[in-house]
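Which chain is which? They are A, B, C and D, in the order written, and residues in each are numbered from 1.
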Amino acid sequence: MNCTAAHAMLNAALAEAHRMNVSVCIAIVDAAAWPVAFLRMDNTILGAIDIANKKARTAVLFQMDSAEFAEIAHPNAHAYTLENTNGGLISFGGGLVLKDADGTVVGAIGVSGASTADDIAIATVAARTLNA
Amino acid sequence: MNCTAAHAMLNAALAEAHRMNVSVCIAIVDAAAWPVAFLRMDNTILGAIDIANKKARTAVLFQMDSAEFAEIAHPNAHAYTLENTNGGLISFGGGLVLKDADGTVVGAIGVSGASTADDIAIATVAARTLNA
Amino acid sequence: MNCTAAHAMLNAALAEAHRMNVSVCIAIVDAAAWPVAFLRMDNTILGAIDIANKKARTAVLFQMDSAEFAEIAHPNAHAYTLENTNGGLISFGGGLVLKDADGTVVGAIGVSGASTADDIAIATVAARTLNA
Amino acid sequence: MNCTAAHAMLNAALAEAHRMNVSVCIAIVDAAAWPVAFLRMDNTILGAIDIANKKARTAVLFQMDSAEFAEIAHPNAHAYTLENTNGGLISFGGGLVLKDADGTVVGAIGVSGASTADDIAIATVAARTLNA
């Protein structure tokens, strides 16, 4: 995940959130889960900062979207407590794993602050810029 | 949340707890979740200190009472694991978000140490002093 | 350190800070270093919250004022690194150990936000209410 | 510190770092020390992520640049150990407190990854966009 690509994703997410008229935090991490880019829009609830970061972290650490992660890391699923590892992970949508054209994981994006469905929609639009 | 208002809320909560004959911790934070005022009554269990702080923190970070937060941050609700973000949040009552007369969030109060119903009752009495 | 005594100290410190026209945080802990009372005045720098707490914590954990603690816990003093124990301690003034009339340690007060000399002066005025 | 202003500062810092041919992390926080924007340029050492954040945090929590903070929070200065409060602060340059045209603190910027002199230069260029 280079800086130029992350910056472009940040701008795409920001534009989409403005278009949808919602306020979110956007966090982008590299393949090793280190932060690359972050932005908090005006009027986003403060609690969303940590959630956006953790959604991105969850997606890259397990190479799956946080909505998929929720299916295994849940009191009623087979890997209950998995969500409590790695400093706390997120078992709902809004974190997307990012792959290059060859399918190699290059990082992840996490969006938080709107409804879960909107968070996913914004992250999806941003992710599309990656291999465009 | 200015110091004078927080001090008045602290005193109102203390008076109500004395009237109800229970012992609690009272924590008041500003709109950015920074502590403004805190008091622990005699004979309050030590575990209540962290809980009162986290109840207030939960309410302000998500701009909803901790009892409402419980409805989304719960193993059976759609945002399970939300309660594990932001250093640990509280999914039961006793944290109230505080708004000024215009509806702007100015902070939150958390009460802990008695029953949840009593904690909520004390926080509610204290919150009423804010725009009185 | 009971709640009534802590509350009276808080009020005395607040009055003295107003009189001196400075803004501070005031933290009072019991003999086991658990928080009893805290107040942050308007316009106090946010960094002072943690410092006031750590000054009180330092004083009670080592049963000496934080200004005395500084003489031993310093790169040039015999117990260098002592200041890095117990979650981080404070090697400058503003934390006072509190004793009852019999000399038993009952807690500590920490004041931060003004100059160190003013912080000490405010804490001293507040401490005097204890056995008055 | 609104999102638009922070985004503009991020872009200005990025452009200046490119011009100087160095790689840095840029962190921008609001007046309550909550993150607003962050960017890590390609080839920046990973250790700089935390430093950029802590430089910004130091500047806003004490309402002074981190280079000024160094003069009081140092083994040979009067408030030694101050640097160990608030989760760890930074006693060298690269964190600048940001004020609006009226002198009100609105946040801070931290830059890390190049030499301290270069970090300060980049932060200074970015800060100038604020009230331009």
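Quick notes
The rule is short, and it goes like this: a residue touches a chain if its C-beta (ideal position, glycine included) is under 8 Å from a C-beta of that chain, and two chains touch if they have at least 3 such contacts.
Remember, it's a predicted structure, so these values are computed and weren't measured experimentally.
Note: Cα superposition of chain A onto chain D, rotation of 180 degrees, nearest 5. Distance between chain B and chain C, defined via averaged C-alpha coordinates, is recorded as 25 Å.
The distance from the centre of chain C to the centre of chain D, with each centre set as the mean of the Cα atoms, comes to 30 Å.
Counting partner chains per residue, chain B shows two or more touched chains at residues 32-34. If you sketch which chains touch which, the pattern fits none of the simple shapes: not an open path, not a single ring, not a star, and not all-to-all.
Contact annotation for chain pairs lists A-B, A-D, B-C, B-D, C-D, with touch applied as defined.
Across the complex, chain C is touched by residues 32-33, 60-63, 75, 78-82, 84-87, 89 of chain D.
By the touch rule above, chain B contacts chain D in their complex via residues 30-34. Taken together, the chain C residues at the contact with chain B in this complex read 2-4, 6-7, 14, 34-42, 46, 49. Those residues of chain A that touch chain B in the complex are listed here as 45-47, 50-51, 54, 70, 73-76, 83-84, 88-92, 116.
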